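Okay, so subunit A shows up in both of these, paired with subunit B first and subunit C after.
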Partner chain A sequence: MMSMSSNMINSALAASETVIDATGKDQYGRPIDYKIVNNEIRRAVSEGVKNITLTGVMGQRYIATAVDKKINISINGTPGNNLGAFMDGPFIEVFGNAQDMTGNTMSSGEIIVHGNAWDVTGLSMRGGKIFVKGNTGTRVGIHMKEFGQMSPHIVIGGRAGDYLGEYMAGGVILVLGENIPKQISPVGLSIGSGIHGGRIFIRGKVNANQLGVGAKLETVNDDDLKLINELIKEYESWFGSSSSEGDFVKVVPFSSRPFRGHFDSTPI
Partner chain B sequence: MVGKSEASKHCIGELCGEITDFSRLPSYGAARPPGLSSIMGGCGIAGCMDLNGGKIRGDKIARMLSIMSERENGLGSGYVAYGLFPDHKDEYCLQFFFDNEESMFAVEECLKKRGEITRDECVYTTNHTDIPLPHPMVWRYFFVPKSSSNPKYKDPDQCIVDLVMNINFSIHGAFCISSGKDMAVFKGNGFSYQIADYYDLSRYKAQMWCSHSRFPTNTPGWWAGAHPISLLDWSVCHNGEITSYGVNRKFVEMNGYKCTLLTDSEVITYTWDILVRKHGLPLQVAAFAMAPMYYRDMELMNDHNRQLAQQLRITYKEAFLNGPFSILVGRSRPEITMLAMADRKKLRPLIIGHNEDDGMIYAASEECAIRIADNDAYTWVTNPGNPMIARVGEGIIRYGTERPFEGAFNEQ
Partner chain C sequence: MNSDMWKVPDRFRPVISSLCITCKKCIKECSYDVLEFNNGAIHAKHGCVACQRCVEMCPQDAIEIQRVPETMAPHGTYTERHRRAILSQANSGGVLLSSCGTDIPYNSIFDDLLLDAAQVTNPAIDPLRETVETKTYLGSRNGSLRLSSEGSFAVKPGCGIMMDMPVMLGHVSLGAVSYNTQKALFMAARRLNILAGTGEGGLHRDFREFAPHLNSEVASGRFGVNPDFLKDVASIEIKIGQGAKPGHGGHLPGEKVSDLISETRMIPLGTDALSPYPHHDIYSIEDLEQLIATLKEAVNYEHPVGVKIAAVHNIAAIASGAVRAGADFITLDGFRGGTGSTPRIIRDHAGIPIEAAVAVVDKRLTEEGLRNRVTLCAGGSIRSSADMIKMIALGADVVGVCTAALIAMGCRLCQSCHLGKCSWGIATQKPDLVSRMDPELGATRVVRLLSAWNEELKEILGAMGIDSVESLVGNRDRLRYIGPNPRIADIMGIKHAGEGWG
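Right after this comes the complex of A and B.
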């Protein structure tokens, strides 16, 4: 186990702000273990620090997992898998690309990614928001849920891969398709496969044969447009102006029980 | 050192140490059997290649791989280097693990019967390592198979395949870990940083490296069982499980291959060899045979491609690798080529990176592996079941985001 270098933590001017430097490497060039980085974050949170800056992050997993305070965390580098998993409150800003499973089962708070966030972003999200400036990968927003006042939102500036919103049970996914030529769809195949709640909005070309089992296309209504405009406004507040060209397509569940009778015909 | 006076006690065709009576294995009641039971993880893969044919030092790939330390548990790791022996390009480089001198003699006898050893040398390994014992001896032979009028041995590649299969199946204490031209495998039963250190990879410069850190799920960790799993100049680094192993195993066994590695991953290597070397399929067509699209998605294709997809699906149904995987595949002939792909549902991670300025291409399980090597590379993810193919001198042939079969028949 690597030990913490003495200069790793520079308590900055005020106690409410901390810089955690994760650049250190061991003799084999391996970065500081994620447990050490996360312990430092938890210690700072327990000491009442409100603003945490992480520098030199290189693949450390589980950053800010289960942190339940309304604090700000900014990350420079490449945070590892499960960034902000189970978190309830923090505001996380990533200056770089995030890896897989960003915002796993998060309850509230926001994750802003000034780059790409790859596969399975926002899986099982229960609330809060994720904004991605660039592209995402496969299975974004799988099994998102909403209940009462809790409703998760994912906004993707670029493209999303196959199985977008798979088994989606609630919440909203918005794909803006920025910088993608009009003749190319900003989403892949099997969109909303097994979807039984929530809404997916896509700006750009979507064919009916790109939809998965249980999903259907619907016309965007005024309430939807209001929500879309609010989300775009917030997207632009983080990443600057976006193009406003193109119409939105709405993907919704065909029914709340898409697989009824599919595997077992016994009524419940 | 190995003496050369004693004759081998082991002859080919003899089976050693196989357990056939399973009731003799220890049994357990309420107490948990020994072994790894509660550590989570998944294998890590990483590869890099200079599209302009420049040389990359081995410590770079070691840094890329060992950054993903969460993806390994110390039960195997390995590296493969392509473009390593420009002076011995036309000879097969056979690398072996030997547990004892007898096994070495048996292998040498076997090689001499089938061809000529033009050169042999000990593969450098360091003495000071914390990798648990035993450490097999690693030996390298440059080998030219005898030309033969016997049609069975006419093709030198097939001669090497038969030789390797026979040795691995029948000579106890010897294992051929790589048998291609202009390439070599460096692997062992340890963490990725330990194996890189053990072989001192910084002494090698190669045009392409692929690597793997292992988290064995269902199978034992042992030296020969580490990835890359190589045959001829094919090498495969595999993260995932092959659920359809039984069918795939029958397919490769029917084609004359012997499964000796105690792991599902070896069938992937042999399947590539059958589909591309023996049946002459273009690389991406073979990739779509192993990760076929759904019949539903075939309906979206044009007539020509739909027919092709359906025929592939039917003809090569036993080559379909079902289950979650992402793989890195390397080969050195006709040109050094890297192929990276995930299964048709993309249930294992794979990310590609490219730097236009220096012509480097990267493929890895996690973005951090690319970032530690190159902060400026452009990264993207491939579509499910869609291969990324890059070749020295030609550049990126497929990005892994195109439609299936796009450009397949411009390939060599």
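Right after this comes the complex of A and C.
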């Protein structure tokens, strides 16, 4: 799995390195407390360390929360919920699966997951990128939003569950549907429910009845294809070549003001 | 008017007296375009909301706003209010919107409570001569003391925030109110050395200087929330619910998403700013625990992290869960609390009174041995220092004040905030209206109001023979009930007037 750790950012910044070993058990036989692991990360960041490698990670939550430096963090094992929450800058590479709420409200930086990333990945993300080699769960990319130059991107190699891009207000979600049989949709129901900004691209079968409230299908244009190809290239740079073929479906909002007309402001 | 849209009659009408010199100032001041000049006189058109701007600004005192007498045939069940709503919804097919707190005159429990005073057996204190302490902490003030293996003590200070009075200015977002209004509130908080809520939507970069006096809000939309914002502010509040709209998300219509708002919330110009109804990372107390832990990690445990919940039926159990989930403070918001925009159906009919909520939460947390872990804040319809003092005696450490502060700054409670045309420059983003709010004047008026309330608090504490507001917190034995419903007094743990201390 250790395919792409020698990426460009890593080699450019390989000035100071530290390894934090999370292997081991506390007195009750549980994995080491997240507070200890995160404290070590905070200490390393404050000391100016540019490359942090975590080994033996076993479900510790909140790793790299709100780190706002452009540093590299490689994680070996399975980080717990809220990996990289509120982060603004770091490059995180996970050699394993990530759990729920990866990249929660992140502002910038990148998270590369060489496995699956589960529910609510990229919640309220406002910038940066998340690449997942495998599958994701429900409500992925919910309420992503963009502003000015900041636009969040999520690329999922496999499939995504229900409510993909719910409440989406900006950014891009790309689902590649790798290794999913052609007759099966790589996404669930209620795609883009409440969407009022951004674009969702799905390679593979999508029926109109899978769309959520306020979402519609649109034809993929040249600009879209250019972006898709760039993202696939980036995906391949992390995970090797992508195998599947097939056309992309594009899901967009009906309007950036979906609930206009829903209310009556007359003084009573 | 289309034939399928029928008239909903006006409720208010400006009446211009013979003192009018037709200077036309009122025409400029009325942001609802009600007044016009023709045939040598000022005339009123349709649409007056009784904001009183023209009245205040008329140099001749020539304008009076009158309630339009009920023109519909009177009916005890189908009141005019009900019929207006029916007519309007039959026109629009829409969900009725309003703002401010509910205007339905529900019985106030505050008004059914009386405070105790000291006589003979417990001497009163004169607050003008002796110290009566009103300092209060948000979050834990007690740190921990640890003995290291070498025998030295390590002191870890608590992360609590000290405030000079037990008051917090409630959350009003930039968006709900104007730049100048938020600035005035923040200035007032700094001068009073208390905290002000940022509301949902982040913090405008000009307001960073106020950060040490700000209680930030992490709401379901996560607008403007980034590491800088979290690390700068004094405290962080996860907003689960708001008293005026429990169970409802936020919806800032695209018209209000100006350059300023778009930059602060970090969303594109002119799009609707929608806050999901729940936080989609919180479906349980265990999930809440995770967001609290994430935020504490984000700020390295240096700031208190709290949870704001609307006062709803099961409030005591929910509050208990939030404390167990690690909240340093809990903010309860009563069903009469204010808002810049909310569906009427929720504002007027969902939740429970803050008086009952605070009492049952304080009781429950005390019974469960959790009360000392948490600061209890409560707000929603605090109209006077009397309400504030009773709220503290009911169980709150800190009282949230919001609408009263806005009234001090000019708000006339016309309940038109959701129209975005506030003639007082408060609930609007229109530059010409915003400039009507002078932040300096607004701040001064809020400081005056709250300083007066704090003096009144000291008076009452002195009269009770209490020398520190902390001794009043949850001291329900110093309250007596005189209302029509002794059952609510029982639930709140308050004796009836006439019952002694024993």
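Definition applied: the second predicted complex is superposed on the first by the 244 of 268 C-alpha atoms of A that agree within 3 Å, B and C clash if a C-alpha of one lies under 4 Å from a C-alpha of the other, contacts with A are read in each partner's own complex, and residues count from 1 in each chain.
FYI, a residue touches a chain if its C-beta (ideal position, glycine included) is under 8 Å from a C-beta of that chain, and two chains touch if they have at least 3 such contacts.
Fair warning: this is a prediction, and the values are worked out from it, not measured in the lab.
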### Query
Does the superposition put A:Asp162 against subunit B (first), subunit C (second), both, or neither?
first
#### Entry: Which of subunit B and subunit C A:His262 touches, first, second, both or neither
second
### Message
Let me test your reading of the model: by the given contact rule, A:Thr18 touches which partner, first (subunit B), second (subunit C), both or neither?
### Response
neither
### Task
Please indicate which partner A:Ser185 is in contact with in the superposed arrangement: first for subunit B, second for subunit C, both, or neither.
neither
### Message
If we overlay the two complexes on their shared chain A, which of subunit B and subunit C does A:Arg61 touch? Say first, second, both or neither.
### Response
both
### Which superposed partner A:Arg30 touches (first subunit B, second subunit C, both, neither)
first
### Message
Looking only at contacts as defined up top, I'd like to know whether subunit B or subunit C touches more of subunit A.
### Response
C
### Partner chain(s) touched by A:Asn81 [first = subunit B, second = subunit C, both, neither]
both
### Message
Contacts for A:Asn209 in the overlay, against subunit B (first) and subunit C (second): which applies, first, second, both or neither?
### Response
first
### Query
Taking the superposition as given, does A:Glu146 touch the first partner, subunit B, the second, subunit C, both, or neither?
second
## Note on the structure
Dual-contact residues of subunit A, meaning touching subunit B and subunit C, are 34, 61, 81, 100, 139
### Query
Where on subunit B is subunit A touching in the complex?
59, 62-63, 66-70, 193, 196-197, 297, 299-300, 345-346, 349, 351, 366-369, 371-372, 379-381, 383-384
### Message
Looking at the complex, which residues from subunit A come into contact with subunit C?
### Response
34-35, 38, 42, 61-62, 65-68, 81-82, 85-88, 100-101, 104-105, 107, 120, 123-124, 126, 139, 142-143, 145-147, 150, 166-167, 169-170, 194, 196-197, 256-268
### Query
What residues of subunit A sit close enough to touch subunit B in their complex?
28-31, 33-34, 58-59, 61, 77-78, 80-81, 96-97, 99-100, 116, 118-119, 135, 137-139, 161-163, 188-189, 209
### Summary
In the complex, subunit C touches subunit A at residues 8, 11, 49, 81, 84-85, 88-89, 91-98, 220-222, 225-228, 230-231, 251, 253-254, 262-263, 266-268, 270-272, 274, 276, 280-281, 290, 293-294, 297-300, 343-344, 415-416, 418-419
